[in-house]
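This structure is in structure tokens; I'll ask about it shortly.
Naming follows writing order (A, B and C), and every chain is counted from residue 1.
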Amino acid sequence: MRENMTKLFEKIMDFNFDNYGNNFLLTKDKSFNHIQATILLANWLKLIHQNHKSFRVFDTGLAISIFRDNSTRTRFSFSSAAHALGLGVQDLDEQKSQIAHGETVRETANMISFLAELIGIRDDMYLGEGHTYMKEVSDALDMGYEEGVLHQRPGLINLQCDIDHPTQTMADLCKLRDYFGGFKKLKGKKVAMTWAYSPSYGKPLSVPQGIINLLPRLGMDVTLAHPDGYDLLEDEVNYACKTAAENNANFTITNSMEEAFKDADIVYPKSWAPMQVMQKRTELLMAKDKVGLDDLEKHCLEHNKKYVHWECDRDKMDLTKNKDALYMHCLPADITGVSCAQGEVSKEVFEQYRKETYHQASFKPFVIAAMGILTRFDSPEQIISKIHNNLSYRF
Amino acid sequence: MRENMTKLFEKIMDFNFDNYGNNFLLTKDKSFNHIQATILLANWLKLIHQNHKSFRVFDTGLAISIFRDNSTRTRFSFSSAAHALGLGVQDLDEQKSQIAHGETVRETANMISFLAELIGIRDDMYLGEGHTYMKEVSDALDMGYEEGVLHQRPGLINLQCDIDHPTQTMADLCKLRDYFGGFKKLKGKKVAMTWAYSPSYGKPLSVPQGIINLLPRLGMDVTLAHPDGYDLLEDEVNYACKTAAENNANFTITNSMEEAFKDADIVYPKSWAPMQVMQKRTELLMAKDKVGLDDLEKHCLEHNKKYVHWECDRDKMDLTKNKDALYMHCLPADITGVSCAQGEVSKEVFEQYRKETYHQASFKPFVIAAMGILTRFDSPEQIISKIHNNLSYRF
Amino acid sequence: MRENMTKLFEKIMDFNFDNYGNNFLLTKDKSFNHIQATILLANWLKLIHQNHKSFRVFDTGLAISIFRDNSTRTRFSFSSAAHALGLGVQDLDEQKSQIAHGETVRETANMISFLAELIGIRDDMYLGEGHTYMKEVSDALDMGYEEGVLHQRPGLINLQCDIDHPTQTMADLCKLRDYFGGFKKLKGKKVAMTWAYSPSYGKPLSVPQGIINLLPRLGMDVTLAHPDGYDLLEDEVNYACKTAAENNANFTITNSMEEAFKDADIVYPKSWAPMQVMQKRTELLMAKDKVGLDDLEKHCLEHNKKYVHWECDRDKMDLTKNKDALYMHCLPADITGVSCAQGEVSKEVFEQYRKETYHQASFKPFVIAAMGILTRFDSPEQIISKIHNNLSYRF
């Protein structure tokens, strides 16, 4: 989709940014108006970068990253966004810090934020924990700002929690809008969000939960497919049902990958752990029960093998609309014969869509930058206008 | 205390910055004139930040942090200050680096500093080591600059050593000046710098040593209280005596927390290890005597328990002036029933003053930024004027 | 050598930068014209910095460092260069990241590079691996850029591989040009690139290989000296022979340190591991054969001891031209009686030339910055002119 920088700017300025809020924790917290504005802003920032121009907003300041789980891509996306906005990045490494020694979340959140403009958190290991932690940080920041301890309320962005992965799903939506040519073209498109086999276990539920919650809002028909027992969190499935109904979209659950793929415009085959396993794993991790964790892993990997045929291969792709649905993945994918003996996707299918998956990923830093602008500023339209009026080359 | 940005600037410009020096290692190295100028500059920078304006000084350049002990708050304070001044931060991680393999301090100090503007060091684990190491680095930088190897002499800031913790105590002084309404109001105020019980051991002596050395210079009456055997370094206590006498202030030592609290305007109850234990610990750490360290810890924790009643609680606070002395802490505090079963301060007292302790901490990044400007530049008044003349919004 | 900033700029602009390429992996990949231009540009950037002016090129953007081996100096040199150019630095820590779990180099290279302007890689542990890995990254970046996934092709710089260490040898050449007063003065100068004893093993071959490949191109006569069995890679030695012949320079190999030192203008005594040992070590490292590695180390250290007299001492220095050849080292050196009982160089000789070795090292950040500008931009002369036209004070 070719877009004009000025026209996109004008479109963005038509949106109402009131009550956007200082956090981006879950897409379901945001109005559809705000979801669209975020997507357009991310696209505009990407267009600016592509034209070698700068969308620097800050003269100086700090962005803070807190990664409670390993990450390469998200770490680089956050760092890229922060630096493009003019911020330096300081990582809070809880191993290195005193935070492990009894500090309260409230205190630490304030202590690190005196000059912070943006905070990004990844916390997806424990069911029931990640989102809760982020809300605690949010409350601490609100309090610190109200009490005058902080001179500004930093924007807070969820870089993946136990419930949602909004920087991923919003990047996915950028890709879909770009691929199909606009939000309106997405209405009625059929999406297969399906489980896929992987020789690993413990992958978070946040991507499928985020997808089934977000895409129905565009009027897209989503089919969720997974083997028996690989359920997502009940609340998230219920929200998906409700939101689909409100948007005159279909939301279906099946235990057949083939059924989901049938006539799909988009397929998103991706492994995740059964919700019950994640709950068990959370308990064991918290109890530091190494033996229990090893047993659970062994048991799960064995159980997973029953579903080794849940692979996105050529035959299944042939079931999709015109045999050429868009294949999506948040990467890295477990590719059969490449990164593992048997995985989520066949080598042939992945190779065919590799460029598309890279392009899909390329939206993430710009989504984070857009969220940064929108959560940090009370009147983001002023900042956006300033970027527009001062566009100059980055070098 | 409400201050006017322009008036504060004018006050600062009345100071004489000659011979400030390129290091800030110990407050006792600095003239009272320079101490005051640093405090006012820190306050001015904070005011600038609060007004969302920029005190960026550098177009590009590097700030280097060397943390030989864990740190969250100081790490973020240093990073915040560096980025606000326009510098990037590179951490020298001695685990990752070749420094552990026989490189001399002199060589490393030069090799990392070719483009460095600022260096911050935390080295508080070993008695007799931290300050010595910083002076070695300082000598190496002087030599490198004189020999023309370095194009500039980076400013060097002590982020806590075995003797002093000047970025903390100067932030504390900022808080006191703000709380009581000016330097002059501090004269004659009574400070209780007291040991407090903690279920941990090995906490550095630098904060109490720094406090008893700095506050008498303001004419404040300081009472140092600790159980028998929890002595501070003799040189530091002697300096406190001498400096109190020179400033017509009282400096008293007692082994009663209650006595220190009596009629105090300010209380600073904080745990530290007995000096003799720190010396023993230094020997054991250097000998890598794990068993000896475990024994020492066990013994000390046991010994500490004799002083479990050294807790800052409501009853002790009631002994203070009008029952409402200002409670100070460098954080994190060991709060009874919150971060430990029995600690330095009761939950009630801490909660009452929590906001004040956060506010106290909020001065640290600005103190570091002020020290950065004053140590790095031979004519800081030019830089300060430049900031004043170019004040613009940070975003 | 005193140089004039404007004259040096004019000299640089006389060079032809066409086809410089987006990588600096090996000096032998570059034309002599490009080698000279890089050296002059590095010197000019150093002169700008020395005059407290800025050579910032980027408004915002990211530099990525990938260190597959420990490093202090190179890490700081890269970070210094990146920040001076206006970039932030994000390190790809393969321990922390998901890269260890089956991701392909191609994918990771793209995923981290969406906003990257510069990438520096150190990978010198495994013979046959480092350069190969860098070429893979290069291919991935080319592909990502061609496919439109990346908006720009980041410049890629070798921060040390198994074959060459171009940021070191180019800094060495800067030092030589400065010391002797210009490129022309280097013609006919005699260099002793010799092995030296060290009580360690496993040091890379990249520095001696880089030196024997680069200096003959200046018409310098290079003698390579090492004990029997301490061979360099055959291809690199062959290239040195060929290139010396093409430049009417002498290239000799001897197994006598004294012979190499005789009448030398420059001596570069430095330990390295025998090539066969590095090959064996590579196999053992990849097989994670801890016992085998320990055996190999023990055997090698024992074997090294036969050559303990390969020390650069006063007697050997007296063999050199006028007894005052320039002593060079990439640092840190193993100094007898300082960093080890018996090492590469005597304390006396090192101390005499210490300042020169520090000065030699000081060119490295500027060499990296020069390579950054030349590899990143298709028309570097535009960027260089822009720096020249906008020279302003850094603070």
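Please note the rule applied: contacts are C-beta pairs under 8 Å (C-beta built on N, C-alpha and C of every residue); 3 or more make two chains touch, one makes a residue touch a chain.
This is a predicted model, so every value here is computed, not measured.
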item	value
Rotation, 0 to 180 degrees and nearest 5, that superposes chain B on copy chain C via CA atoms	120
Same vs different contact residues, chain A with chain B, by half of numbers used	different
Inter-centroid spacing, chain B versus chain A (mean Cα positions, whole Å)	41
Numbers and ranges of chain B residues touching at least 2 other chains	88
Residues of chain C defined as touching chain A within the complex	57-62, 64, 87-88, 90, 92, 96-99, 101-104, 107-108, 110-112, 114-117, 144, 147-152, 377, 383
Residue ranges of chain B touching chain A (in the complex, touch as defined)	49-50, 52, 54, 56, 67, 70-73, 75-77, 79-86, 88-89, 331-332, 334, 338-340, 355, 358-359, 361-362, 364-365, 392-395
